[in-house]
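Labels A, B, C, D and E are assigned to the chains in the order they are written; within every chain, residues are numbered from 1.
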Amino acid sequence: MYKTCVASVLALMSAGVAMAEDTFKIAMIDPFSGPAAVVTERIEHVLRFAVDDLNARGGLNGQQIEILTFDNQMSPAETAIQAQKAIDAGATILQTSVSSGNTFALVEFVQKYNRRNPDHQVIVFDGASHDPAITGEKCSYFSFSWVLNAQMKTAGLASYLASRTDITKVYLMNAEGSSGTTTRQAVIDMVGAARPDIEWVGDDVHPLQKITDFTPYIAKIEASGAQAVITSDWGADLALELKAAGEAGLDAEWFTYFSTGPGAPTAMAQSGLNGLVYSAFDGDAGIQNEELHAYEAAYRAATGGLSASAFPGDTSAIRALELAANAAGSNEVDALIAALEGVSFKTVYGADAHSRPDDHQIISQMAISRFVDVPDGALDEEGTGWGWENVAIIPADVITLPNTCEMERP
Amino acid sequence: MGIEVVTFSVVNSILYGMLLFLLASGLTLIFSMMGVLNFAHASFFMVGAYFGFEISRRVGFFPALVLAPVAVGLLGALVERFGLRRVHKFGHLGELLFTFGLAFVIEEAVQMIWGRSPQDFQVPAALNFTAFTLFGTGYPAFRLFMLVVAVAVFAALALLLARTRIGLIVKASLTHPEMVSMLGHDVPLVFMSVFGVGSALAGLAGVIAGPVLVTQPSMAAALGPILFVIVVVGGLGSLAGAFVASLLIGFIQTFAVAINLKVADVFGLIGVTQPPAAFGALLSDIWNVSVAQVGPVIPYLLLVAMLMFRPMGLFGKRA
Amino acid sequence: MTFPMTDTKLADRSAALSVAMPVLTVAVVLILLPNLFGSNAMISTLNYLGTMAIFALSYNVLLGQTGLLSLGHGTFFGLGGFIATHAVLRFVEADIAFPLALIPLIGGVGSFALGSVGGWLASGRGGMPFAMITLGLAELVAAAATLFPSIYGSEEGVSMDRMDLGSSFGLSYGPNVDIYWVIAVWFAICAGLLFFLSRTPLGLLQNAVRDNAERVEFLGFSARRVRMSAYAIAAGIAGVAGSLAALNVEITTVHALGASTSTLVLLMTYIGGTRHFFGPVLGAIVIGLMKIWLSDISPAWMMYFGLMFIFVVMVAPGGLAGILANGRALVRSAGFAPQSPILAGIAIAGGLSVAGLIIVIELAYRAGLDAAKGAEISVLGLPLNAESGLSWATGGVMLIIGVIALRPLLDRLDGKRHAIAQAGGAK
Amino acid sequence: MTDALELRDLRKSFGPVDIIRGVNLSVKKGERHALIGPNGAGKSTLFHLISGRITPTSGQILFEGQNIAGQEPAQIVRAGLSRSFQITNIFPQMTVLENLRCAVLWKLGHRYTFWKRTLGLVDVAEDCERLLHELGLTHRRNDTADSLTYPEQRALELGLAVASGAHTLLLDEPMAGMSHSETEAALRLIMRVTEGRTLLMVEHDMGVIFEMADRISVLVYGQIIATGTPEEIRANPAVQEAYLGTAKEEAA
Amino acid sequence: MTHHDQSLVTAPLLSVENLQAWYGKSHILHGVTLTVGQGEIVSLLGRNGAGRSTLLKSIMGAVTTKGAVRLSGRDLAGQRPHKIAHAGIGYVPESRDIFPDLTVRENLILGQKPGGAGLWSMEDIFDLFPVLRTRADTRAGVLSGGEQQMLTICRTLIGDPDLIMIDEPTEGLAPKMVAAVGQLLERIAARGVSILLVEQKLVIALDISHRLYVMGHGEIVFEGTPQALLDAPEVRAEWLEV
């Protein structure tokens, strides 16, 4: 029995996957299986599109970029395991996008790894997880965040709501877990400060991704007389609650953080919530944005209909990487980090952006958009015929918050 | 809690409970007949939703309402004939493990065919209107339709079991399979049919729930465990028990949401407004727990308590 | 009349020998492995496999040894991890120099204690009620865990730095290979303990409960206590495995105690084989490697898990270990030579159908889920195209020919074996 | 001297159906007592009541003066009353030796021991060897129980009851399903291994009963209609009627 | 009581040849051979454990067997029970497996073959045993033991079998009921239905049977007419009596 055990181990181990040696490797460590895989799929397309473009132009200092994918099965622990595999496969940049929990795990892993292996260090890119702690208390010299964090977006939302004096009764709807609770607190603090007249008529913290029927919550919102709901929900939770709201004919406005994500546009279009759902997002994904339009047209032609603008962080990351590598004239980790700090570039929305050297947080303008039935031929989402219409652009300085990162530099 | 919230919660509880019952009825039917706790039942539900989606976008929702459950039922019958029946010799554990593996494979197969994104399965136009308005909130006709279908299924099942010859054979096979076969009835065929019908019921629930909940590969895993709670709490094999337990779970989950109460509020009543710092972080966790958060825990508490103190469930006759 | 006591002693001695051999083999393999596979990824793979092997062994105390299907064994893996993580954090905070390598002891004891409580709740009956109550308890713990973020962390879990406790036993615990040694030693300890357990009166009674729980009662024992002991011991060892996983990846999340962990250990143990002591280890290795490597190669890896599991449930309830053991017995038996042509035919037909199935599944994934990656795909070295009828036909024909060929071959094998048995009987 | 076993007005009903309808029975110490009766009379139910498998509706079961009615089977076995089953109830996937080991563990005080190897327990080994020898299963010691022939399984069934060390044994149709010659051998085996113990057994083979029983009780329709020596029972018309129908003489 | 002339019994309706049966690994029937003719009442006697019930179950296909079972020349061995029932063998088990939660009428409906009435209609059955008519819509579980026994026999009868096998119908019945059962069996046979009866009460068996078999230890140890058994006290003493 043991012999057979051992033999099978040996056989399988020797069959390890051969990797090309001469490429610059970026490892995507994200859930490629399970319910969240749908998000990863979208991100992978965006990332590959950006990288293909860069490779076509000669790559990174002449070196082609190769994307490796690792399935973390949506588990932080598995993220750490896959990170080790990615490093052994020769990855220089480890990128994760789905779920802050996984990002924390990756950052912590790389912190420890780089400390224990000073000769072979790696960089973390955060492509879409928006927990402020990633560039706050858990910030790392080795990690860069390419999306606006929840606190910045909340600041933007607060600034927009300051102009919406018609809204005075607001309902808070968030999921359990760090993402939901930190966003909830940020909303209470920032929106509360901007609009002291707002009354919080409801404040629900519901189980994360477990509820199949949100009708009871909608009934509560209806009964509370709320004019608006602010929610940090995402994925199935968001889709289900918007559907339930549409069905019940709830006429409150929704201020969301993740309604650009997969499934939500479909749910919104189905529910007929025309113009009722607002998104606080990294950029102006709206139908009016010409620059984005050109980019999207190329992207959609290449990948088959889905939008790139839902995941701007991954494109930003590659753009910043290209500029930094050019500036550094090297693809070495030390040089790249030095050049990435403070690098300025343009996002897919055509807005200026830079990575703040203090905490490696991207700083850019943001937009509030609402989801509407768009004219034929305009940019729509998920083939629904509905798309984003910009209602406000919040300049970068409004949402730039003080640095809270105490970065340990080597 | 205002009267609106109570009214709405009651209506929602019943609706949600009925959807659960549609699912649980098939599961409990299969269990009572065959002693098989079918872990793949929620998977058949999901397959029903996907079939419903595919058929309805070709020939419309109402044909799908009939065709999809039939297709799922046939699938179920095939599974029984070529899978379950063969593992029968390994006992209930073998059957349970088989359905466990089947659930796994079905979820993968669904992703393989339809991908991981939710499907755009819409409420049919004919039912996409507000049925009535209560306290200013519209009530969608489709939900009412769900209710009607669930009640109809319950009635039809009850009638089928109580009044028809087939029902008699099914009921008798439940307790005396050998005797029934000796009276000339093909009991394995009965079992296959029951499994097929049970699966078809799950498929029907899928077609109906597909547009309301989101048709996606995780919809099976989300509902699976709660079904077992219903079947166990109701009394393994009792249709009436499953009906009551479905409503019970519907009420628990709906009202847990509706009640705005936190542990802190309870302490607030007795004048304690801050958690004593001495007890640290754990107590402040408890402090912040709301009834809505406890809601999902209650069914499992009920399950464990039921198995320990009344293993035959609410309505079950056998332990 | 003398009682043949010598028999027992002889049996004893040969038993001792048959125990010593595997022990030595295991020890040698454990020592050799990190030297053979030096890369960091290999070491972390070994670490993962090691923890999973312990976990699967613990589960087999329930499933194989006592015949209890637990649907919530992952709970104790996760709880062990949390206990270990918090223990490290507390020791660091209080500045207590506790050797890191002994942390799994704390995780194990903690899980054992919790397992005793859970066991008391769950052990009233075996079979289906036991399975349901363990499912309920697991869901309960998992659902309740989200209510206590200070213990379980939120979705990001609780993390620690294993180096914070300092060096001990000559290990700094920085490099993965240090953790490998910790896991290897704990594997040896746990496997040894469980093996010993299976040879004690309690282990014997656990087998008896598996075989016929009612009769155990009529021999004066409480089947409930036996089940409870199995549950608690399994929980304790799972806690050790969970602790080791926590030391290995330095982060523990509620995922660890969720349904997927419980499912995984069931798959590993059952596919490996519940009736051989090291069957679960084999299962942990095969499934673990599939999980780590196959997931990089094929999007269908979970599908293969499921199909493998169903295959084992339907055709080979002895699991991989059972297949290997039968195979070995067959090769050693006198009837092997005359059967070997048919067996070779079966192997070819089986291989053909498996290859065909793999091709069809891979094509299906490429046509459906992974359509965006382009239609071209290489499966088993064959350049195929998900849009080409020829590719589909290749897989389909292989599958169909294989399956069609299997039936008569199996019949012939049966006939041959029957003939061999009759010839043997005639002698 | 108290009786080994005494049943006082024992009753058991399942729902509206009375199965045991007031049974009074005493078994003397060291006696071999046979319980006979037609099918459906409640013999097995009575055994289940005494051995704790089911709880009586009312009445007393005095074992050596102590009321054991309603106790758990394990408690009753520990008190010294063990039983065998009509449908072979052994550990099918364990070896014969392992079956017997399980049965002697409690008696020898090893109980739930987990710190000693079973093989190292000398007393267990000796006792099992003795039992194997007595049961004639020595050559089958390492075979799994389900590979035994039917009479061997019955012998093992008997062995499990005897091995527990109880001095009062309930044997439920130990010869059920055996051929004539097998029955002979089984009878000798039972006589041998139960030497010096109190025995209450259900049996249908009248030859066996008359050969071995000191006294016989006849259970009909949930009640004991007669108790006496084999000769008394043979001569009892009520017994003949219960067995062969009304008015045997007329038919003969 | 008239005993039918043996010569009336032509080619056997049921013939069982060298039937062997196992429960798991235990060998219960060691090669049983017997026949039942058209319209014949044949009793199977023997002590408990002799294998009589197993024989009936084996004929019914509920036990793993080896050997031949023919009904009107058609081999039924190895068929599944419902096929055997369709072929024309009815079986009334000793355990009186009525369906207690169903009504008397529902129990009878379950006995009917789908489509087409045969020799016995529901009315025939009620005529045969009027008590069942009065209790047609009560739960079968509340019937008395004798009524339940009648119901099981009638339930099988309504399925129109050519041969009905009845296992200990008089078991545990009051003497009055025992006689009623005996009469019922004769009336059934009078309609041309053959009966294979397992019986312990010698008196009944001797009274109504055309032929008798005695079983012991899984084998047929005696075959003959009632008179022949009366003339063989050693057989009775060895295999039947207390």
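The criterion applied here is as follows: contacts are C-beta pairs under 8 Å (C-beta built on N, C-alpha and C of every residue); 3 or more make two chains touch, one makes a residue touch a chain.
Computed from a predicted model, the values in this text were never measured in an experiment.
Novice: Would you kindly count the fewest steps from chain A to chain D, each step being a jump to a chain that touches the current one?
Specialist: 2
Novice: Strictly by the touch rule at the top, which chains does chain C share as contacts with chain D?
Specialist: Common contact partners of chain C and chain D, which must touch each of the two, are absent.
Novice: Using only Cα atoms to place each chain's centre, name the chain farthest from chain D.
Specialist: Comparing chain centres, A lies farthest from chain D.
Novice: Could you please state the distance in Å, as a whole number, between where the Cα atoms of chain D are centred and where those of chain E are centred?
Specialist: That gives a centre separation of 32 Å.
Novice: Centre to centre, by mean C-alpha position, how many angstrom separate chain A and chain C?
Specialist: Averaging C-alpha atoms per chain gives centres 36 Å apart.
Novice: Give, as an integer number of Å, the spacing between the C-alpha centres of chain E and chain C.
Specialist: Roughly 54 Å, centre to centre.
Novice: Please report how many Å separate the Cα centroid of chain B from that of chain D, as a whole number.
Specialist: Whole-Å distance between the two chain centres: 48.
Novice: Of all residues in chain C, which are in touch with two or more distinct other chains?
Specialist: Correct list: 143, 146, 149, 302.
Novice: Counting only residues that touch at least two other chains, what does the list for chain A look like?
Specialist: In chain A, residues 41, 176, 207, 210 touch at least two other chains, as defined above.
Novice: Can you name every pair of chains that touch?
Specialist: Here the touching pairs of chains are A-B, A-C, B-C, B-E, C-D, D-E.
Novice: So in the complex, the part of chain B that touches chain A is made up of which residues?
Specialist: 2, 4-5, 8-9, 12, 15-16, 19, 111, 115-118, 120, 122-123, 130, 133, 135-140, 142-143, 212-214, 216-219, 221-223, 253-255, 257-258, 260, 290, 292-293, 295-296
Novice: Can you list the residues on chain D that touch chain E in the complex?
Specialist: Spelled out, the residues of chain D in touch with chain E are 16, 36, 38-41, 88, 146-150, 153, 173, 175-180, 183, 204-206, 221, 233-234, 239-240, 243-248, 250-252.
Novice: Chain C touches which residues of chain D in the complex?
Specialist: Contacts found on chain D: 51, 72-74, 77-78, 82-83, 89-94, 98, 101-103, 105-107, 110-119, 121, 124-126, 129-130, 133, 138, 160, 164.
Novice: Under the definition above, what is the set of chain C residues touching chain A in their complex?
Specialist: 22, 25-26, 29, 33, 36-37, 39-42, 44-45, 48-49, 143, 146, 149, 153-157, 159, 161, 163, 174-176, 245, 249-253, 255-256, 260, 276, 278-279, 281-282, 285-286, 289, 292-293, 295-297, 299, 301-302, 321, 324-325, 372
Novice: Sort out for me which residues of chain A touch chain C in the complex.
Specialist: Going by the criterion above, the answer is residues 1-6, 8-10, 12-13, 15-17, 32-33, 41, 45, 69-71, 73-78, 80-81, 84-85, 87-89, 99-102, 104-105, 108-109, 112, 116, 176-179, 181, 207-208, 210, 303-304.
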